[in-house]
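The following pair of complexes shares a single chain, chain A, combined with chain B in the former and chain C in the latter.
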Partner chain A sequence: MFDMLKKIWQVGTVTKKQPFEPASKKYRGKIELIAQKNTNWEDCIAACPTGALRMNVNKIRLFHGNCIQCGNCVKICNTEALTQTTDCYLAVNAKKDLFISVDKNEVK
Partner chain B sequence: MDSKRRMIKKILQQLGNRLLDAKEQANETVLHIDKKDLPEVCQYLYQEQESRLFTIVGNDERQINGMFVLYYVFAFDKIQYFITVKLCLEESDPTFPSLAAYMPAFNWYEREVNDLLGLRALGHPNRSPLIFHGDQMEAVYPLRKDYIETSMLHCENEVDHFVEYTGTDVTEIPVGPIHAGIIEPGHFRFGAVGDTVLHLDTRLFYTHRGIEKKLEGKTLEQAMFLIERICCVCNVSHAVAFAQAVETAANITIPRRAAYIRTLYLELERLYNHVGDVGNICAGYGFAVGNSQGARMRELLLRLNEELTGHRYLRGVIALGGVQQDIRKDEIDRITNHLNELDPDFQDLADILLNHEIAVDRMETTGQLSLQQVTELEAVGVAARASGRDIDCRRDLPYAAYNQLNFAVIVQEEGDVLARIKVRILEVFNSILLIRQILQDLPEGDIITGIPKIEPYKTSLGWTESARGENCHWLMFGQDNKIYRYRIRSAAYSNWPAVAVAVPGNIIPDFPLINKSFELCYSCCDR
Partner chain C sequence: MSEEELGIDLKNRIKEVLSGSLHIRHVDTGSCNGCDFEMATLSNPIYDISRFGVSFVPSPRQADMLMVTGGVTSNLEKALRITYEATPKPKMVLAIGACACGGGVVGETYANAGGIDSFVPVYVYVPGCPPRPQALIQGILLALDQYEEVLKRGE
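On to the complex of A and B.
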């Protein structure tokens, strides 16, 4: 009994407020898609295991609802068009907000 | 090496006149026999030679040789070798002799091939379906290659296949599939006399996702994603088992550093599972202090995992031919520091638990399994070791870097909940020691090698000891490094039948405790 109370006393409160800062450095979070010229889109799309990244005529579409944030597309991408952030907050109000669509050859 | 040759030679001689063909590959010999000889051959290998059943695989090879094929894989721990009995069944007569009446471990496997492939075990004592709940109206067999996925499979005539009680003193208590806590679905039907359970029927496979079917035709890289998602809390062990099956078939050895890092991740997985499970068992008798302390330590370990690999449950760290992520010097120090804190912290929890009279009273002699029961049911992992069955494939069939590390296999004799919790507690300390050894001896070098092209229709085996027990993956390659057939036999699949045996004789309030002491996974089992 006494050792139990001692342990509870020693440990104290351990719960924390929800952290809103980005997750730890290695965390594989939300994929950012920014159109860039001369990107190897075909290879990136082929690397996606869930079909979240697609090409529609001249548009590149990324559906966050299907993305499992494996980062395969980022590894294969030859430009900075696809990057992986450590952002873990993906919730949106409407499903359509999960679709990201950019023009294939847009210059930024 | 010599004893291995001698033993294989002896087996081949003994079965000589029954063999149609014998083929040797990597670490197994495939014996092709006629189905009428199956009972004698299995009896000889299983009972006289004291091998254990590793897995049974049903395969539709009609595109290759026009037959259905069954593979019975037996493991010989002493010589670290496998003997596979191969059985070809004609499409016109897809039946084979059942052995479940003599060897209870065969029960589920035989019912599963009946459900999914339509291969019937003649003389099986329990003809009720295992995966499908109720009788199917038409014969649809999802694992056959000519099955076309169109819609949901309907079981219109859902019949209960539970034991019927005729006496008036027996109360039937249905529990599940939807439970009060956040746990997975499973239906339990107790037949109770007063407070005491007379018989327990379980109905699982509510979360059957058809992963084995989905894996067919996938490339090895795509398959890795699905295999990591068989089960959340054993995903490293599943991924390593798959990677090892591929590496054995491709005949490559992974770099030493990769093997060590794999072992590190496997042990980190075992560590957070065991720490969490010890806490969870306390919830079985409402011991809140133990429960919350276990949860706290598990959470700290999960955060450590996230820091090391970017994923709390260590997903995405294993690659075919090695590992995805290397480990840096400062991360090694981080792990060491964490373990130095965890060690006394967990020791406190163990002391509180094992010195608490009420806690020990609830755990002692509850849910007992005898050595004979676990051996006959082929239980694995913690459940088997707590009943005195001395198996651990980290030692018996070493993989990754386990043959270069020193560790003891913990065995208890009693087979009750207390013994299972003791095994877990001691394995936590074992894991800590193992991780310290790994970090000390971590060799330098590459962490990944390439996978060459593998010849079509080659079969291969991979296995790991997860926190729940031994997972076994059987794999047949198709054209272009794609998967032709994949079979997953998880620890939960082997151990669930043992739960139903452990419960009768105990009072109903002890069921959650017994169930938690096995800590079996539903999704691993259902796949």
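On to the complex of A and C.
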């Protein structure tokens, strides 16, 4: 019994309070899509294993429902158009909020 | 007592009950078990979702919420429908993981439906492969907000 009490005293409280601390720097979270000129969109789209990143005429569309946050597109992208954040809070009420689409040649 | 009054009584009771606790039934429709492990993490000492009054139950008849993982395979289509029908109204459905939201790695094939929303109405989508437990808690909170509105409307 004393062993158990000793262990409880040693370990202390492990339960974390909300809001939880952010994920570690290496965590692969939400992909952010910002339109930039001279981006190699075709290569990025070819690198996507699930078809989450697609092109529609002049629109680039990212569907978070398919994205597995592998980061392949970010590695291949030659500009800062695609970036990987450590954000994990992706839950939404409607499916249309999962779609992100930007214009191909937009300058920001 | 007419049926409607019974229903109203029951509704008030559910309101009363739900302000205290939420019961979740987990439905696996052909996932790779990544999301299931993250859901198991919810009840461990670190995230300890029981302190919010949320618990996992073994039967859909006791559940307020269904947590569905995996894109629906053709074998488990029926199981999902039966589980959904067995859950008492009003019921919430959460789509957990990329597969349940829109196909994910498996996509839409002859064996895989690619998303659960073609079979059951979905309250909240929680994408990620797999989603972190924090994201699941956020999803549950979002669903509860919507649930409150549904209860107010009296559906």
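Everything below uses one rule, namely that the second predicted complex is superposed on the first by the 103 of 108 C-alpha atoms of A that agree within 3 Å, B and C clash if a C-alpha of one lies under 4 Å from a C-alpha of the other, contacts with A are read in each partner's own complex, and residues count from 1 in each chain.
We adopt the following convention: a contact is a pair of C-beta atoms (placed from the backbone, for glycine too) under 8 Å apart; a residue touches a chain by one contact, two chains touch by 3 or more.
Everything numeric here is computed off the predicted structure, so don't read it as measured data.
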Who does A:68 touch here: chain B (first), chain C (second), both, or neither? both
A:95 contacts which: chain B (first), chain C (second), both, neither? second
Touch test for A:4: chain B only (first), chain C only (second), both, or neither? first
Looking at the overlay, what does A:46 touch: chain B (first), chain C (second), both, or neither? neither
Touched chain A residues, chain B compared with chain C: C
Looking at the overlay, what does A:24 touch: chain B (first), chain C (second), both, or neither? first
Chain B versus chain C as contact partner of A:55, first or second or both or neither: neither
The intersection of the chain A residues contacting chain B with those contacting chain C is 14, 23, 49-50, 68
Which of the residues in chain B come into contact with chain A in the complex? 221-222, 225, 289, 293, 296, 306-311, 316, 325, 348-349, 351-352, 355-356
Chain C touches which residues of chain A in the complex? 14-16, 18, 20, 23, 49-51, 63-69, 88-95, 98
Touching residues (chain side chain C, partner chain A) in the complex: 45-48, 51, 98, 101-105, 107, 115, 117, 122-129, 131-132, 134-135, 137-139, 142, 146
Residues on chain A engaged by chain B in the complex (per definition of touch): 3-4, 7-8, 11, 14, 23-28, 49-50, 68, 70-71
